[in-house]
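There are structures below to look over.
The following pair of complexes shares a single chain, chain A, combined with chain B in the former and chain C in the latter.
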Partner chain A sequence: MAKYNAMTQEWLDAWKEKIATSKEYREIAKNWEGSVAIIVNPDPEKGIPEPIYVFTDYWHGDVRDFLICDKAKAESANFVMSGDFARWKQVAKKEVDSTKALMQGKLKLKGDLTYVVRNIKTVNKVIDLLCEMETIWPDEA
Partner chain B sequence: MEEGFIENRATSVPFAGILADLLTANLTQRPEKRAVHDNMSGAVAIELVDIETVVTLLFASGKLRIEEGIVGRPEIVIRTTSDLVMDLNALRIVGGLPWYFDEAGRRVLAHLVSGRLKIRGLFTQPVLLTQLTKIMSVM
Partner chain C sequence: MAYDQDLAFVYFGPTKIVFGAGAARDVDMEMAGLGCRRALVVTDPGVMKAGLVEGVLKALGERCAGVWSDVPQDTGIGVVNRAAAFAREKGADCVVSVGGGSVIDTGKGICILLTEGGGLENFEGIQLLTRPQTPHIVIPTTAGTGSEVTSMAVILDERKGQKILIVEHFNTPRIAILDPKMTEKLPPLLTVSTGMDAMTHAVEALQSIQREPIADGLAMQAIRLLHRCLPVCAQNGADLAARGQVQLAATMAGWAFGNAMVGLVHAMAHSLGAIARVPHGIANGILLPHVMAFNREEAAEGYAMVAEALGVREKGMDELAAAGAAIIEMGAFLRRIGHPLRLSETGTKEEDLVKAAALSLSDGAIVNNPRMVLDEEEVLTVYRAAF
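What follows is the complex of A and B.
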């Protein structure tokens, strides 16, 4: 399996492809509509000198834009999740459950929480597919 | 929603903020749940044992106050883990009662049977527990 540098457009393209080709995702996410932004807080010691903004968009089982973007674009998403680089890495490596990280305040979510809870299987599937990626992390490169 | 409807006094507890946000949205979007809330009276503690977090929800006179820790003597105490607590929000309400015969309901029953979810007051506080389930359910 190809490896991709984390938080790059190539990495996002590969993640998008993984989601788009998942039959299970398509079935689970048939009711989901809306964009989700990921904000990675800067951590210079880990190779993240500035915040990283990622915009992802989903529509009834289809996958639309997956972009590294600017702050304004990220904040325009229906849902915005933010957290430190180390936390995102733990989530992507399945070392920490994303719900647990939310409950602990280590990840923050802006947006309609009832919608997220109603569609938690969709959210979990997207994260599961992220966890399947072969990722090169900047602090491990 | 009018000011002061939900008062979160546990602002240093992230889980309390999530509960307050979720209930505010749910009760605003669903007037029938708001009506249930307005008739609630009593205290419910929710403990997430894996992250050592406890909050108490105090219902009285159409208002909800969220406090850090166990406050008073809650009629209901729910003990579970942070990754399972949201399963309670996925319970459907059918005929005015929680529905345990679909996937979400069976999951909650499985947590109860396995001991990963413990509810003190499960059999002694059926009215308050049903009301709580109704307002927590996002389905």
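What follows is the complex of A and C.
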């Protein structure tokens, strides 16, 4: 299985491809519409010298843009989630449940929580597909 | 215990509790202790009419910057924005909320706007704030919501016609003054329905997939106190000792569900509230034993703890049997306190149940339920059992 460096365009493309080709995702996500930005706070000791902005866009089972972007683009998303690198890594490895991480203040969300929770199966499937990838994390490289 | 394998959680409960009959009169000292000088008092017309604000205003004296009493049953962004503008104009540096859940949530919204500026529509989300907010002192006049100790506020977005959720640790009330005299005049039905709201918070915290030992302990004690004292309050509202224990139980249940979350009972009660306008506490109370029966196998461990707290777990009972005993006792308890037992008693029509079942599946609380609910037919079956 190919390995990808986390939070690179190559990694995002591979993640997008996994989601786009998942029949299960297409079925689960048929009600989801809207973009989700991921903001990773800088952590120089873990190999993140600057904030990383990721823009992902989902539309009724389809996937659209998956981009490393600038701050303005990220903040234009329907849902903006931010947090420290270590937290994102825990979520991406399913060591921490994303909903729990939000409620416990480990991650922040700007946007309609109830919409996210209503579509939690979609959120979990996107994370499951990410977990299936072989990711090289900056602090492990 | 099921939670000892991969236990990892955050418990958050920073609110100072001041308890006692007449404690509301100490509001000025508590406010001074926070370093505040001018309080906006937030309340609603019913609480004003009941004369519950007078003592607070007298205690505050010149520390009262103004009173905002225009809080409706379901508060909204517009209400909060107008109240915050009023508070700014009056130079308020803290908020004292005197009332139930809607008043307290209004107070929470005002605190954010006094610190951050702007309109509340910009603060929909979770844990967005990065600094402590304007100090908030809460004096509850009901015993049920637990909002006096939680980080959550539910506010209606009047333009979209839907409620938004704001969850901010930095905006948790600093002080809750639990004065049994403030609940003394609650009529029996409101007493038992708000009490069952608290009972549901405690039971659902114990069954939640996010349950943890601290919340479990608080929930257990809340159930014990409610089981012992809510029937006393229903019989004699003037029993301040029982009133006080029920207030404490509601606050403990607030801490429990504020950390462990709630489940299917709340999802179904929220939906019935939206479709058939059934009051939240009454819907919770009626649905609780039926949802417990639905969850029994998946939540046997938590319900066995409920049975212990209710005093019905007999020696030698396994968890499933104890869960069954808890369910039977919960139904008997509802009868003892004179709580409505059937949804049909609340004006709900059978056709409402179908719509509410569909809506329940999209309620956030459902994700924490121990038994995964994927089909609205399952929810409808529970509604029908409670009808």
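Going forward, the second predicted complex is superposed on the first by the 141 of 141 C-alpha atoms of A that agree within 3 Å, B and C clash if a C-alpha of one lies under 4 Å from a C-alpha of the other, contacts with A are read in each partner's own complex, and residues count from 1 in each chain.
The rule is short, and it goes like this: a contact is a pair of C-beta atoms (placed from the backbone, for glycine too) under 8 Å apart; a residue touches a chain by one contact, two chains touch by 3 or more.
Here the structure is a predicted model, which is why all the values come from computation and not from measurement.
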Fit-or-clash call for chain B and chain C when the two complexes are aligned on chain A: clash
Partner chain(s) touched by A:R26 [first = chain B, second = chain C, both, neither]: neither
First, second, both or neither for A:Q104, with chain B first and chain C second: both
Residue contacts on chain A - larger count, chain B or chain C: C
Touched partner set for A:T114, first chain B, second chain C, both or neither: both
Stretch in clash, chain C with chain B, out of 42-50, 60-68, 240-248 or 312-320: 240-248
Chain A residues contacted in one complex by chain B, in the other by chain C: 99-100, 102-105, 112-114, 117-118, 120
Of chain A, residues touching chain B in the complex: 97, 99-100, 102-105, 112-114, 117-118, 120
Chain A residues touching chain C - in the complex, by the definition given at the top: 96, 99-100, 102-114, 117-118, 120
Partner chain A, residues of chain C touching it in the complex: 8-10, 12, 124-128, 163-165, 167, 169, 210, 261, 362-364, 367
Residue ranges of chain B in contact with chain A within the complex: 14-15, 17-18, 21-22, 25-26, 29, 48, 50-51, 53, 81-83, 85-86, 89-90, 138-139
